[in-house]
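Quick one: the structure is below, questions incoming.
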């Protein structure tokens, strides 16, 4: 039995990659314009495609597009066609393979109660199992996203009798959504919208982030606080794990319909995914990364002439490391910000092109120096090998690599695009073997306890870890149902379609 | 209660417009290339978009595109991606409004038994009623086509116990499709494909055409015989009204699962829709149109110097008229074949631009002459007014208009895009009033009996007309369920989406 | 020494093809909208690309586009950006090869006297010779069109002293243009525009057409009268061979600066190029084609059951033939009007696809009949072979082919895209050899004298033919300078550029 | 008399903007692939469009495209169509207005000696004067670039007798190019290519950079060394001011045909234009910027809690400042790297959107702190105002702005896109007035002497400055011919064309 992770779809990925960002606003005259800006601020969470659905009191209006938010939604005609005071949106990760507009969210469907648009960040671990059941009941799947599974569950859900819904807000519809969510295993931060209300929901473990904001009396749901900042909106609070919020003209109502469990926020959001200026779960990401760097300097000090980050993701930790170690911080690697689409390697004689399209070693700074090179993580290790070679080629005397996360030994199944376990450098190698592979004079990772300390805990609770740290520890807090049932992964379809 | 016909979607249509063409081939190495060519030959049945789905033994492969068949499917890369020895395709009518790729067929869905692709020509008159029921059962609609209703009926159908299916061909699946079709009211000529077989079906009244052909041992289903001719395929026979054919590796099996009813082939296929070189229901269309012209000359002779067709649709009837009347046939109106997309009228001073973009009066031929002007039908009458004015402006002495069909007094609900009844010139005017409106010296229509005679019957059977002639007679042979139930027309959706 | 004609660029062309159409209007508020419509009416003279340049009193505004006029210039934004009361435009022929926007006219250049836009129909036979001289003087060529040669000649021309220009109209500029035109050998119908006036010019032999029209006080220049009709403009007169007209706010002035020569209008304009509704050189084209057909019936009568045209170009002659021969006229071949871009033949087993994409034999009409098949001309003969085979395949008893022009034995170098001489079927074969090649029971061409009779002359004047008939006779009235000097054809460039 | 600088074309620019980058390689099997990569590394010098011309021994091959290098030239089909062992390329700056493919370089033209492709970085100050003369001689201009002026000068130049050319390399052609260059006033770093050789040239003052590199025996010319690094090519030397190098199969020849003058390299290349990893005129740019920061800390120390750069251009100077001042370096502003095309401000209530699309203040880091904010320069000041407001809004206690260049008081006319003098904040304000305008607690600029010290001189030589520093000093070392003659700027054209 093989556990297939999603990155088979893409090329030789050498970063973990957040799969989505969501945004919604209810009660604002420029709803869709604000969604477009919010999605732009969340662009780091997904660059494959973006979509917005608005509701104008009569009709839902949708626009979906492949590419960056600013490529399509900067068109005033597009924005003005998305009429209405409520709108939700979604950005989606990039893969090199079968990208199709059909999979760009929000998904929209019509129910007996009217329309529903839904945008999803996360990954269901029982999607294939649920899909098989739904298809056998007569449901038809037209996309290859988990999200369509949620929509079918809502469509086929019936209002439970026992539970008493909140009196004012479309009780039947909300209860059917809850009924659907109860069947899900996996992770989700959802933003949905009907003709009457906007809904936000986080899975009981709260693996993926979701925050609540406010602007001019309108309420906002977003993956990260940086999407509030771009609008000048104020941060209200995090949506709690297992919480469902219903936002309508009468304001916000909070439901907690699930059995409470210990929360398991994704610790990798601090390491890499979230934007440095965001606050997630109450903690500023830049500050956390600096403390990770400082902790790393304590645990893995290296005598050197300077600290050099692998830009841009290694910069905050490198600053923290340099400050704690008392070493100068230097831009020893310069990044080309115009990368855009990938160049095809045009000729065999141009080696290591991939990394050079994006990075160049700063010879004048590095030549003859002992360098501490700080990166956020090592995934496949291919980039590290090339960067180290590049730095050595310009004459670095020593290269000491320091990594602002523990060795990533396991794939993620909770909404992150990661290589298969066998392709993770750390999955089958000791630190010394990795050091030799990468070709550095020394290699050091922060410990998992050190990482916990940097984000505010004394140490990892061995029995009940405070975060989901499965990629480091292999302890998966949420059942991998499809995997254990040998189910075909949900995203594989009988249909191959382009465009 | 207002009966809304479909042409509200489009601009001020002045032709009845066939809504679709279908094509399928089973058992040929170049299956998708042949489908592309067949669809090209059926392009007159729909210019909005085209799609092809093939099955390669493992996977279904789909390509859909807005625009003409030759704009997209002439790309060898596209054709070679549509692997497999079985493929079906569809061309779809043009509207000026909300055209979207989402509605381009064939539709594809996954079921418990595997994948199914389906292409549909026709219109269901109980689609809204069925959709309401399906949505209340939890079905989700993602397009605005009738065809999706059929797919959901198949998905939710269960195998009936009583009936014994043919032993060899995927009996359960076929029975479920039959079960679904039994719930439909309206018209359909369908081509569908599963992993095991291709299926063709015509509604019990046989309103829309569907023929069977053969090429190199492969079997073909197509809307018209002209799609066989382009491939050099031979015509086998018409699919009978109410017949379902199953084509698989073992050959063809025919089922007739419906209660037999008197057939009602659309008589307008002879008047306008079908291509002149096609044979429909055993009759050559060009010959039928010539006989209509000859019959028209007998019924409505006008002393004149020449017979001039409104090109191109009036040409065969005008030839028949000229031959029967002993008058010269002349191209008094020249057509511009490069019309493409519609010009926006750029300035108020350019009047009657619409007709001039396509037609120009041939002054040298017409000036000073008495002209019999032959057209296939009058719908709104707007084009007729402009063409007559154009002909008078170049000096025609007399204009006698002759129409190769009876007055069109009623909308069609059986798969043809027609204006609302109130917008049909003949719905509220006598022939004399129409004559004055159009501005001709005389106006004559063929009688309904004359039309029947031209296509091979002595006269129309008043109790049981041999054709569907509802647009002329107002006698609708198939129940207009949605209309009588006051149901929202099925094609209206809560979602407005572009692109 | 090889005489290379232009069609090497394209695919296996089987028609002579007019290379361009021009249109200009001076003094109208909707100038550019009218140019767009005029070009649309001239679309049959060129489908590769179209361009419009307007002058708004301060600035010239340009739009050029590949494709059909209606694909780009139906956009109101495009038209409204082409401000001004004077505008000229151009349509350009189609080739399958290296089409580039750089070659789409009108050409624009800045001179010491200001801007000049120019649109050209015709072909210079000393362009390469002139280009070599101009380049050696320091001129830089950026396109591969003859027209740029004219522009450079204007740029480098100096005002001649001797001649007295008309007092009021930009005399120096006009004289420089005349000076430039005097250096040209070959054919041209030009429309040009400066900040002060619009200019029309025809070469001294008047090979290509150019007419003058009037609308609401504005003056119009166009290749054919059909471009006047679409606007409701009135025809004033033909521009005379060797005439230059200057149109400005004060009206029209006519100059005849060249030594007078006997005019040589292209007789093929009657056979095929011009639209049937146009009047060229005072003669209606449809009428001329009917008379050609009638003359052909007299010269080459065949006992038969019907006359069938090769659509659409053979239709008028076939009508004339049928009327003169007393045979029924029948549409025995049906044309598909949605041809668009060419299909790639997708598989070897689909033979004769090319012709079937466009034509289908009407089996019911033709089977068992003796058919006179009328076409306008035979070029390579490839299409004729396929059409005859197609007609035989549906059971025609006899096929008698009649051609409404004499055998085309020579290439054209005067603005028409023709195959090389060796590729012309008639260049090396007797009529009997051609008959066998095409596979017909009999083959007949109209005589050159018969053609002259049909267009209004008793017979061809052997010493001084009234038309250019070089493609039939091999007598080239205008010197083929580049050819005789062994000069590299002007359109070949050192630069290969796409897009 | 108004001195119009180029930025009138663009929007409200708030950066000086380098106008172009050039690259060429001679003698490499993958010539065009290497040009594409070199241009990608030079993308910061121009983002509007890119072009490559290669020569394959027979023909020149060209591709030009709007947008980024990697958007078009990553297509293997494009690269493989650019055959040949010699190729040159160009990237062009971005304007928001009338961008057109016609202006994308390299320019190509045919001469009596064959083809010539040319790519130009710089700006001619006598282009309008030269253009007027050339037009009066009969030259035709089809683009609006200075470069076309150079091409016409080459076309019209004649070989001077007196000078003896180097024996082996196309002496006549080279002499004509020299003759043309001698007529130019202004700045240029050129790369050109004929059928026989590649040529590099820098103007006598050497204002814009140009370097020579080597790879696998092939010689390379590039604007900056970072374009060598991406290929793994080695740096050979700078092309000297006033030097012309001729590179052909026999190697490199150097000519110095101009009267020697003191060189005036653009000091702003160190401040902002060049990439930090490049060496220009022998000095590493990152190191120079760090020293500028350190010098600035000495001259303009501010007591504070941290140093925050305006990313990305302020980073190296901020690092240097922080190190010299002994203050922590912090990322107080986070940049969004997905900016792409500009968003239209969708609603009035979204204020200061422009800066927020790109930057967000890092509240957790800044709140309650005294901040030294380091930027490379102040142009209009609009961005500074918004960034300072953004930082104050998140609670900065004090904001001390430090600028790594002197006040920019004058426009540039030497190949940089700058606002008009009146729009430069410093042109009419004291530092105190600027401080109030920007809203900071203190504002300090490095002195011009300090800037000279940082790039390696003891002080600015008052009589003969070692650099062009006109934007700071107002002393223009090269004549502004067009300006003093009141000539229309060369880039204004009579023609407005899109696309």
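Letters A, B, C and D name the chains as they come in the text, with residue numbers starting at 1 for each one.
The rule is simple: a residue touches a chain if its C-beta (ideal position, glycine included) is under 8 Å from a C-beta of that chain, and two chains touch if they have at least 3 such contacts.
Keep in mind that what you see is a predicted model, and the values were worked out from it rather than measured.
Ranking every chain by how far its Cα centroid lies from the centroid of chain A, the top place goes to C. Spacing of chain A relative to chain D, judged by their CA centroids, is 38 angstrom.
The mean-CA centres of chain C and chain D are about 49 angstrom from one another, to the nearest whole unit.
Inter-chain centre distance (chain A to chain C, centres taken as mean C-alpha positions): 61 Å. Along chain C, no residue makes contact with two or more other chains.
If touching chains are joined by edges, the resulting network of the protein chains shown is one closed cycle, each chain touching exactly two neighbours.
Applying the touch criterion to all chain pairs gives A-B, A-D, B-C, C-D. Those residues of chain A that touch chain B in the complex are listed here as 53, 59-65, 81, 101, 108-112, 114-115, 135-142, 151-152, 155-157, 493-499.
Against chain C, in their complex, chain B makes its touches with residues 29-30, 33-34, 36-37, 40-41, 43-44, 47, 68-71, 74-76, 79, 216, 226, 229-232, 275-277, 279, 284, 286-287, 312, 315-316, 319, 323, 328-331, 334, 336-344, 346-347, 349-353, 356-357, 360-365.
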